[in-house]
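Sharing a structure below in structure tokens format, with a few things to ask.
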Amino acid sequence: MELENKREAKVISKNIDVFYGDKQALFGIDLEIYKNEVTALIGPSGCGKSTFLRCINRMNDVIDICKITGEIEIDNFNIYKPDVDVVRLREKVGMVFQKPNPFPKSIYDNIAYGPSIHGIAKDKNEMDQIVETSLQKAALWNEVKDRLHEPGTGLSGGQQQRLCIARAISINPEIILMDEPCSALDPIATAKIEELIDSLKTSFTIVIVTHSMSQAARVSQRTGFFHLGKLIEMGETEKIFKNPNNTMTQDYITGRFG
Amino acid sequence: MNKELRRKKRYQAEKRFQVYGIIAISLALFFVGLLVFKVFSEGTSAFSRTMIKVPITFNAEKLGITNINDNDEVENADYYTLVYEQFVKNYPYSNDEEEKQIIKLLSPDYEFEAKNYFLQNRNQLNKTVTLLFTASDDFDQLHKGNFPRDIPEERRRLSNYQLNIYDQFLKEGKIEKIFNNYLFSKGDSRDPELAGFGGAILGSLFTILICLLISFPIALSAAVYLEEFAPKNKLTDLIEININNLAAVPSIVFGLLGLGVLLNVFELPRSTALVGGITLSLMTLPRIIIPARASLKAVPPSIREGALAVGASKVQTVFHHVVPLAMPGTLSGTIIGLAQALGETAPLLLIGMVAFVVELPGSPMDPSASLPVQVYLWSESAERGFVEKTSATIMMLLGFLIVMNSLAVYARQKFEKKWN
Amino acid sequence: MNFVLISFILLFSVSLYFFSKSRIGYFASSKQFKLKALPKYYAYYLSLWCALPAFIILVSWNILEPTIIKNLIFSKIQSDSLNEISKDELNLIFQKIKAYYSGNFTGQLSEGIKAGADQYKRLLSVASSSKVVIFLSAIILFTGFALKNISNNIHAREGVEKIIRIILFVSSVAAILTTVGIVFSLLFESIKFFTTINFFDYIFGTSWSPQKAFVSDVSAKMSPAELKELSEAFGAIPLFAGTAFIALIAMCVAVPIGLFSGIYFAEYASVNVRKFGKPIIEILAGVPTVVYGFFAALTVGPFFRVLGESIGLEVSSESALAAGLVMGVMIIPFVSSLTDDVVNAVPQSLRDGSYAVGATKSETIKKVVFPAALPGIVGSILLAVSRAIGETMIVVMAAGLAANLTINPLESTTTVTTQIVMILVGDQEFTSAKTQAAFALGLTLFVATLILNFIALRVVKKYREQYE
């Protein structure tokens, strides 16, 4: 109970509706995401969990036909206000995608890209430092430190995904969104990423979308269950998996549908 | 703050980049507009012809006709002197030079225009009728407002004296503009007012027809073979690379091929639509094969499997099912290929389709020009009248191309099946 | 004559088709065998065998006949004459004979030519009657052959399909034959050219004045000094330089405009701008080059001259700038639509990755999309360059004729294609080194564009595979 008091809401979603053309994808999502915790979003495919994730850093803006209503507050600031600068928002909210998507550049340039466009590093030394710490935080430094100038696309799938995580943390965001980061990886690489997520939560607030319930159980403190564009239930991971309030959640957890 | 400033700059860069894109597109659109505007503003006047009204008395004595029913006599009568004498009467002149200047206001064809009229209206013998005669090019251009009048006389094509005649005629209502049917019905001529692109249209038509007859069947068969029957081996690889490269060979090289092989080895007749059509068909071949193969490839294998499963042979499957389904795409590719061939000039120059041809070609074996070649020929001429005729020819050519390309788009959209 | 024969085969084979289709059932029962395929396949089989061989014979006869007659006449002239007659003179005499035969001969008439014309006429009539005989017997022979096969109870559909496959294969070989024809016709004349003119004088020479070749023509009779002088008249460097220069100006116009508009269409343009803007720009690709030439020669060239005069510059009315600029306009749509395609092929995930670290759209394009698309863009620019150097009409009409070695865009320069046209338009003599030079230029152009295309297609293909 002591823990509960220390918790601080980082992201608050208020009545978010999302439409693709005339098809509604999300219905009135209300939820809170706490600081320095891992929050998992689960649900069957097509339930809207990824769509919601992309609302948090406004990646849905890229899609022309996508319309969003409602509010998302980060640190009590509504990011859907008309004059919000998405570039600034995304500097604060990083993202890792389902399929590793390193740029067709060297490992070094992949990491340096974010800091260089935001002008974070003053000189080459500082940039080297940022690249090194980012790769270290992503637990990739030891594997790639001798070949920083080789193309990032030459790495294995798991390494590529850690490279993408390193790229996301290179600009020191406050929140990292992960969209099924392990779905394209083998079990060993998955284990490494999960370990990494656990260590990252001390510095970042992490939201992870996953289709694997065991993964959600392993890495997250809180879990939200989405179904057909609605948030069915949200709570402590332990509670959701052991004793959910909603029967639908119960059915999904026990594998009766999904 | 530093960061704030930086972000501002980044947004400015973003704006700038978009503006570059918009400028680039606007420039490209501007060029399209300029081209179309230039051609239309210069070409439209070619579709009208300036005529001068002249009362002519078909005086039997002057013509030397004694018996109106004697065809020979009527044919060979002296219309030249008849019109000449009656025309120069229209304005006072004091010397030979001025007399010459008056008659120069008429196109040199006036005797034939009078004769043609008289041959159909023999009962007008010894009567006076008002005939319309084609004005000379200079007069025509003056009337259309293409010649400035306020420059010194020595830099003008028409003298002060001739300008006075023009003004006088204008006042008397002797000048009339009619639709220029010569433009469509006549072949080339040294006199702009008598020149037309009728011969060039026929030449283009024959050329494209021959091109179609040769390239379409061969290209379709080649595409079907390569896509449906060809085994994967060195030879088919070679054919494939060959076709792709052939599609990008400069057109003038095909002209050299036509000259070196068709004219010099096979000794086909020079300057004819036959040779032009064969040359262009070789050029068009790969340009049809490529889209035809693409549309064959787009037919899903399930169609083939379905036909084979009911016991059709490979050939039957292909010709009963696959080829008909690939037809819209193939046809649209063919039309586009032919449109390119229609606009092609360089190869035709080399096989001699640049001859000065007055008569309309009656068959592909006759010497002829084609529309783009006519553009080239006329653009080399200095007379102002040819400039407007060149633009008019371009309008005609562009008209054909627009029709063909719209047909291609139509064929594709109307008949093509979308496979999911 | 040919027309009559072709109509005859068409008519005959079509009626044979319908006749046999209706009769084949009786035929089979009278010969007491069971049909293995539908009657129509027997009908196809018959009419194909009837028409195809006869048609092939007709075509090859027409191709061979003039050469054979020519050689027969040549050998007659040769045997009538006491001394050796050179090939060129033989050709000349033959031309005279032909002109006399067709009734438009003007000039001195010799007995020899009259006799030659008689022989020519005789040969023509023999040829045309034997053509008809062979043609008709081919029809009878091959139709008979097909009938015999049918009565031996052949599988008609397989027979037909075999023929169809052969026709299809032969058609696809036509593309190779075209290339062979190009190479053959270019090489044949070029080799003759290079036996007179030193290859290195051609490739590295800096003075191009082919009119000199008219002065003294037959290389065999030339002194070494004359030969050297002639050789030095065919230095193609000014042409290569002019071609490259004009192409460079064109690319300076087309690459930025094409690239930016392609990127704008792919990344920024709204659906409507794309829908209307793209086709309008693509009109530029459909406009015949002769129209651009007209535009360059009558609008852009004089415009630059007047503009130059007004600021005190001397601009040639056939400046390289005018030709290059207009050529650039022509190439814009190639660069823009290829760029559009290539940029669209860059996967969205790369863009998402860039946006996710807070990059703006233009930063994403400049630093992620463009580098990723670069190979494809380079390939498309190479294709555009190959078009620019092969382009003929614009430079023929708007660029100069004199071979100046210059890098001043306001002066006139000439190009490889312009010279080919200038040399070959009008009457030519095929023995002149000047005429052969045009083919050597054509060969150079062919090889250059071939190499460019080959590289470009490879690069583009590699690029495509990367994202598939």
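Which chain is which? They are A, B and C, in the order written, and residues in each are numbered from 1.
The definition used in the following text is that contacts are C-beta pairs under 8 Å (C-beta built on N, C-alpha and C of every residue); 3 or more make two chains touch, one makes a residue touch a chain.
Here the structure is a predicted model, which is why all the values come from computation and not from measurement.
Contacts between chains leave no pair untouched here, as each chain touches all the others.
Between the interfaces A-B and A-C, more contacting C-beta pairs are found at A-C.
Measuring from the averaged C-alpha position of chain B to that of chain C gives a distance of 21 Å. Rounded to a whole number, the gap between the C-alpha centres of chain A and chain B is 64 angstrom. The distance from the centre of chain A to the centre of chain C, with each centre set as the mean of the Cα atoms, comes to 59 Å. In chain C, the residues touching two or more other chains are 360, 363. Multi-chain contact residues of chain B (touching two or more other chains): 10-11.
Within chain A, residues 87-88, 117-118 each touch two or more of the remaining chains. Note for the complex: chain A touches chain B at residues 85, 87-88, 117-119. Note for the complex: chain B touches chain C at residues 10-11, 13-14, 16-18, 20-25, 27-29, 31-32, 35, 38-39, 217-222, 224-226, 229-230, 236, 238-239, 242-246, 248-257, 259-261, 264-267, 282, 285-286, 289, 313-315, 319, 339, 342-346, 349-350, 354, 372-373, 375-376, 379-380, 387, 390-391, 394, 397-398, 401, 405.
For chain C in complex with chain A, the touching residues are 271, 347-360, 363, 367-368, 371-372. Within the complex, the chain A residues that touch chain C are 57, 59, 62, 64, 87-91, 94-97, 99, 101-105, 113-114, 117-118, 164, 167-168, 170-171.
Of all residues in chain B, only 2-3, 6-7, 10-11 touch chain A in the complex they form.
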